[in-house]
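Shared chain: chain A. Partners: chain B in the first complex, chain C in the second.
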Partner chain A sequence: MAVLKGSAERRPLGDNAKAWALNAPAIAVIALLVAYPIGYSFYVSLQKNNLKRPRAKRFIGFDNYKALLSDQAFLSALKVSALFVLVVLGLTVVLALILALVLNERFRGRGLLLSLALLPWAMPGVVNGLMWRTIFDAKTGALNGLLQQLGLIDSYHAWLTSGSGAFLFTALAQVWNTLPFSVIILLAGLSTIPSELYDAATVDRAGAWRRFTEVTVPWLLHPLLIVLILETMNAFRAFDTIYVLTGGGPGDATTTIALLDVQTVLTFTDFGLGSAYAWVITAITLLISVGYIGLLYRKGNFEV
Partner chain B sequence: MSTVVNVPLRYRIPWKKIVLYVLAVGFALYLVLPFYWIVAMSFMHEVDAISVPPHWVPIHPTLENYLGFVRPNAAQELVGGRAVSETPYSLRNSLVVATATAVLNLALATFAAYSFSRLKFRGSQVLLVLYLLTRMVPGIAIIIPFYLLMRSFGLLDTYLALILSYTTFALPITIWILKDFFRSVPRELEEAARVDRCGWFRTMWTVFLPVAAPGLVAAAVFAFMTAWNEFMFALFLTSTKAAKTIPVVAANFATDFNTQFTVMAAAGVLAVVPPLALALLFQRKLVQGMAAGSVKG
Partner chain C sequence: MELTRRHILKLTGLGLAGPALLSACSNDSSSGGGSGDGSVKFEGWDYEAALVQQNLDRFTKTSNVKVNYTPITSAQYVQKVVAEFTGGGGPDALYVYDDSLAAWVEGDYLQPLDGMAGVDEVYDAIYPGNAQAMTYDGKRYGLPYYTDATCLTYNAGILAQAGISKPPASLEELEAQALKIKNAGLLEYPIGLPAQLSDTWWSWVWALLFGSGGNMFDDQQNPIMNTSDTVTKDVFAWLQQAATKSKVIDPASLQLLPVPVDNAMKANRYAYTIGARYASRDYNDPAKSKAAGKIRMGLVPSLDGKEHGTVSNTRMYGLAKDTEVKDNAFKLLTYLGGYDDQKQPYTAKFWFLQRGLGFAYKAMVNDPTITAALKKFADPKIYTHLAEIAKPRNVLGVPWYTEFETEMHKVVQGVLSNQTQPSAAVAALAQSAVTLKKKYS
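Now for the complex of A and B:
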């Protein structure tokens, strides 16, 4: 009995050592290039630290964070980011759900549409930004040209010069870029719904709408939550497209927190304040990801 | 009488089909038209591209915008000349950095993913969550210390700085994708090899990895695309044509007020072709990986 128990315990122990040895390189890289920088970034956020004034560098505790509460640029950026997340998320989820439902049907050209849906996903955020810049342009843009030829507008509009206009059109550009990711996740969720459920609903003479609300939606709840969480994080840290499309303007109408942070660091070389901004972003993101991981955990994705 | 009843039945309007096709066509246009426009513009002369009303197709198609990258003409030298002349270098830089990132990622992730797919070990769940959490860390949170770190090592404006940072972005994703792919490889294959007295490394090389090859390719493509598309770190870490990647140069076009839209469009098209080609080529595996890991963000 004792011998049996001993041999049963020895094998997992060998596996333990082997597994950790296999993970060692990846852990080392992550520790050095993620964990250490994050810790160091917190340390910098407690400093007065501007590259242009190296001699003024000193430890100031939580002063950078305290200053955030009355920092108009920060508060405005936080508001813009929150609004941006709401608009982008709302549009993305509705559009992605419709497109996923379409792609879940059988029809001619479905394969082509699926390939087309990958196009925005493959596009770098920067290219996405400059693409929409040429389209939204006030004097020569394709949007103006199209709307005028369709007779919807009389003369060319400067879509990006008003604060609310710039905000809305930036959100639209972002939605185009992030849509495919949500579509793929929702489509994967739809494909797991057993067709018997629909058959049963049809036998019960349930109409299309009732089949949707009573079969599709409950089954899609989990993938929808994943989409909500990941797209929230995405929109919250959106940078590339906005940087190229509006640069945060006009004024600070599209200056999200990520944009403000980069300006603070790159333009004003204020590393202390920039790190404090970064830590606020990190804290919010981590809160969201705890929810995400909890979800995956419940779904059983962590069964090893 | 019966015909009167039958006719409306047989010719009932197929509403579902109509709605489906209208939506499909609508989405197809929405997805493809914006991209079509920069492709079309990239083959136009500036005059045609900015005409009002617009020409929707290049009426005098030209390669001038693309050729300008290798031998800028006088006008291009004058306006936005730097971005134009830096474009070929940045394409090379992006290619090197993205390829190196993909290779380094595979090397690191294969071992880790294998441990999750084949070994039972203490702490495996915690480690898996930790990897995922790393993925959630916003780039902006580590960019400042990363910049300072690279500066103190004298690595600013080098490939290595970019490769290292992109590896940290892509590694958790790669591990998650590979772990799922590896699990679908039947264990019997390795057991057969073990019976034949193959050592562990030989089993990996000659039996396991070849079978898992499609997964490895998908993971490599993910890592390549992550590195190719990344902008913020490249903006911080590079400053000259020695290491600037294509997104940085493309952004230079956009922030320069003198830029010709046609040249900017051509640079954009060049930047999007490699990731797009990969996405279409490996469509099925990528979709599978995205859905399984829900990972790209």
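Now for the complex of A and C:
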């Protein structure tokens, strides 16, 4: 009887304990599905670990990372990736800003244009790659057909067979796929700018360019920061579109670090080196993100 | 409702029981033979899976051994099998590529077949190149699934239109004939090659090297393409000349995988390609090809116009090292890659008659059924001669072969697109081989 009474009078959990208890499943799942694989991949990156040679598996410390300094394939892929990020990011920011400014205006058909502009975002990278591959096809491609009908070329060209051509067209395909996301972010940023600011600037005889540079840009710095961080990560990790479109070729003209990483892990089954590549990609994107935050976060005027 | 420790313990218990329940509901596919009824877990890439199943059903009917067959997407076959063996759930019997054999033996996935019933008999009856490709470190690891030799495939109809009566013997002659076709306005680019980067080997590059008597490696797998053997550099120089100066090789080749090249051959859009013999079966099939009846097989043209050889590949059936149903799995292997009760290589014959897949058994060429089927798409003499002069790549036994092949694709693309000069290309390949050898040492 005394036991039952004691049990009935058991104190309920406090708020703190309840919070932990309720979050515990989510924390456990995140730890199991996210934190553990991330930590394990770092552990693997410190190993000589190629599935083709299981008996040679051993802990080698940071040797995989040291080897990257003289790894020509890695250095070349890093160079290609850096250039790819610059081109994709530059094009994305400029085009997204223009599109967002246009879509921020009120005009007939705006809704339709907005829906169309968002369409590429819904397309998976592989499908995007296949679509552009069909468009750029040397024998039956729509691009060749269009240019020939416009009288700009005499015969069909194999656009993806030169290094610079393949690089540029791959970057364009990537931009097409990721542009809508940046447009949404910037459009959301534009919608938060109080119209009074533009009215005041107009009263002060500020022209369109000054209104853009003095009002719009400062208010867009935070959304721009998000765009820069996410698009840099996207471009650095770009894989599916490039894989389908060029496979990294011709030569290694479009072999980015992400492509090299997937090839190293899945084709060469070198999990040690491949994990080291992955951690280098992570470190680089983290550094760039911190740089962006340092440059842009405290700038911009958010006071109304 | 107030949350008490008791409630939380109950919920935690349920949370832990959930995965266990799910696990209990899953289909246990752990390492072969796990079901305990002696059934064999068999895996292969997904080529003609329905026909494979049909053949396996026949085996089950005659042997009473149940086979659980899983076809795996070709593009991911190697990776998935490696993942399965690494995770401890590999098959009992499986397809093996000749260029995966060394790595899979080193990885302890396969067991040798030496001493097992009928193996010596099979190895005595097949072409030496196939036997060599299925042997690693002096031990035999496979029974033959199919084999092929790479050849020059040409459209005799287009050649005739250009006034050409016989196929080229030398690379110089090939370029001249292609130019003749081009200048006659028949085709802008008479030669098409599958030169898009991919995970599969480029047989045509090896065929061109072996066709001219060259090699990239000596017998100890040391690179010689930059030192004692000049054939690689000369072949690369010819490729560059034909792609960028005389422009007889289609520049779109860099965007082409084998299937689009096959389609172009069937549509009379190329006069020449270099590829597997069995492709001619489809090329000459009126139901599938506009070029049917016009496609011929020839020896791979060489630098000096003389006959030297070509390259072969071998696909085999292997036996898992840790199989628990070794006897049944070996019975299956024998049915698929060896002789049946009538001393006939039943499955090898089945595949040739069904799909034209090349056979490793020398005697099969004298079988009237085979000859009759062969005559429908190829000249049996040339077909057999190609098998006789074909040899496997001597670098298949090194664990870094896949990496080297991938690097070679990039280098050859550089040559074809004029980004890399032949001398720089062979230097890069030699350097790559040295680096890989060091990495794996």
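A few remarks follow.
Rule of thumb we're sticking to: the second predicted complex is superposed on the first by the 273 of 304 C-alpha atoms of A that agree within 3 Å, B and C clash if a C-alpha of one lies under 4 Å from a C-alpha of the other, contacts with A are read in each partner's own complex, and residues count from 1 in each chain.
We adopt the following convention: a residue touches a chain if its C-beta (ideal position, glycine included) is under 8 Å from a C-beta of that chain, and two chains touch if they have at least 3 such contacts.
If you're wondering where the values come from, they're calculated on a predicted model, not measured in any experiment.
Within the superposed three-chain model, A:Thr92 lies out of touch with both chain B and chain C [touch as defined at top]. Touch criterion not met for A:Gln174: it reaches neither chain B nor chain C. Comparing chain B with chain C, the partner in contact with more residues of chain A is B. Contacts of A:Ala138 after superposition on the shared chain: chain C is touched, whereas chain B is not. Of the two partner chains, chain C is the only one touched by A:Arg53; chain B is not. With both structures placed on the common chain, the touch criterion links A:Gly163 to chain C but leaves chain B unconnected. After overlaying the two complexes on the shared chain, residue contacts for A:Ile281 are found with chain B alone; chain C is out of touch. Once the two complexes are laid over each other on the shared chain, residue contacts for A:Thr269 go to chain C alone; chain B is not touched.
Residue contacts after overlaying the shared chain place A:Gln149 against chain B, while chain C stays out of touching range. Within the superposed three-chain model, A:Leu230 lies in touch with chain B and out of touch with chain C [touch as defined at top].
Common to the chain B-facing and chain C-facing surfaces of chain A are residues 12, 18, 25, 133, 137, 139, 247, 266. For chain B in complex with chain A, the residues that touch the partner chain are 16-17, 20-21, 23-24, 27-28, 30-32, 34-35, 37-38, 41, 49-54, 107-109, 111-112, 114-116, 119-125, 127-129, 131-134, 136-146, 148-149, 164-165, 167-168, 171-172, 175, 225, 228-229, 231-232, 235-236, 246-248, 250-251, 253-255, 261, 264-265, 268, 271-272, 275-276, 278-280, 283, 286-287, 290-292, 294, 296-297. Interface residues of chain C facing chain A in the complex, by the touch rule stated above, are 2-6, 8, 15, 78-79, 82, 86, 103, 106-108, 188, 196-199, 250-252, 254-255, 269, 399, 402-403, 406, 409-411, 413-414, 416-417, 419-420, 440. Within the complex formed with chain C, the residues of chain A that make contact are 10, 12-13, 18, 21, 25, 50-55, 133, 137-139, 155, 158, 160-163, 246-253, 255, 263, 266-269. Contacts from chain A toward chain B in the complex involve residues 12, 15-16, 18-20, 22-23, 25-27, 29-30, 33-34, 36-38, 40-41, 44, 98-99, 102, 105, 107, 109-110, 112-127, 129-135, 137, 139-140, 142, 145-146, 148-149, 156, 176, 181, 184-185, 187-188, 208, 226, 230, 233-234, 237, 239-240, 243-245, 247, 258, 261-262, 265-266, 271, 274-275, 278-279, 281-282, 285-286, 288-289, 292-293, 296, 302, 304.
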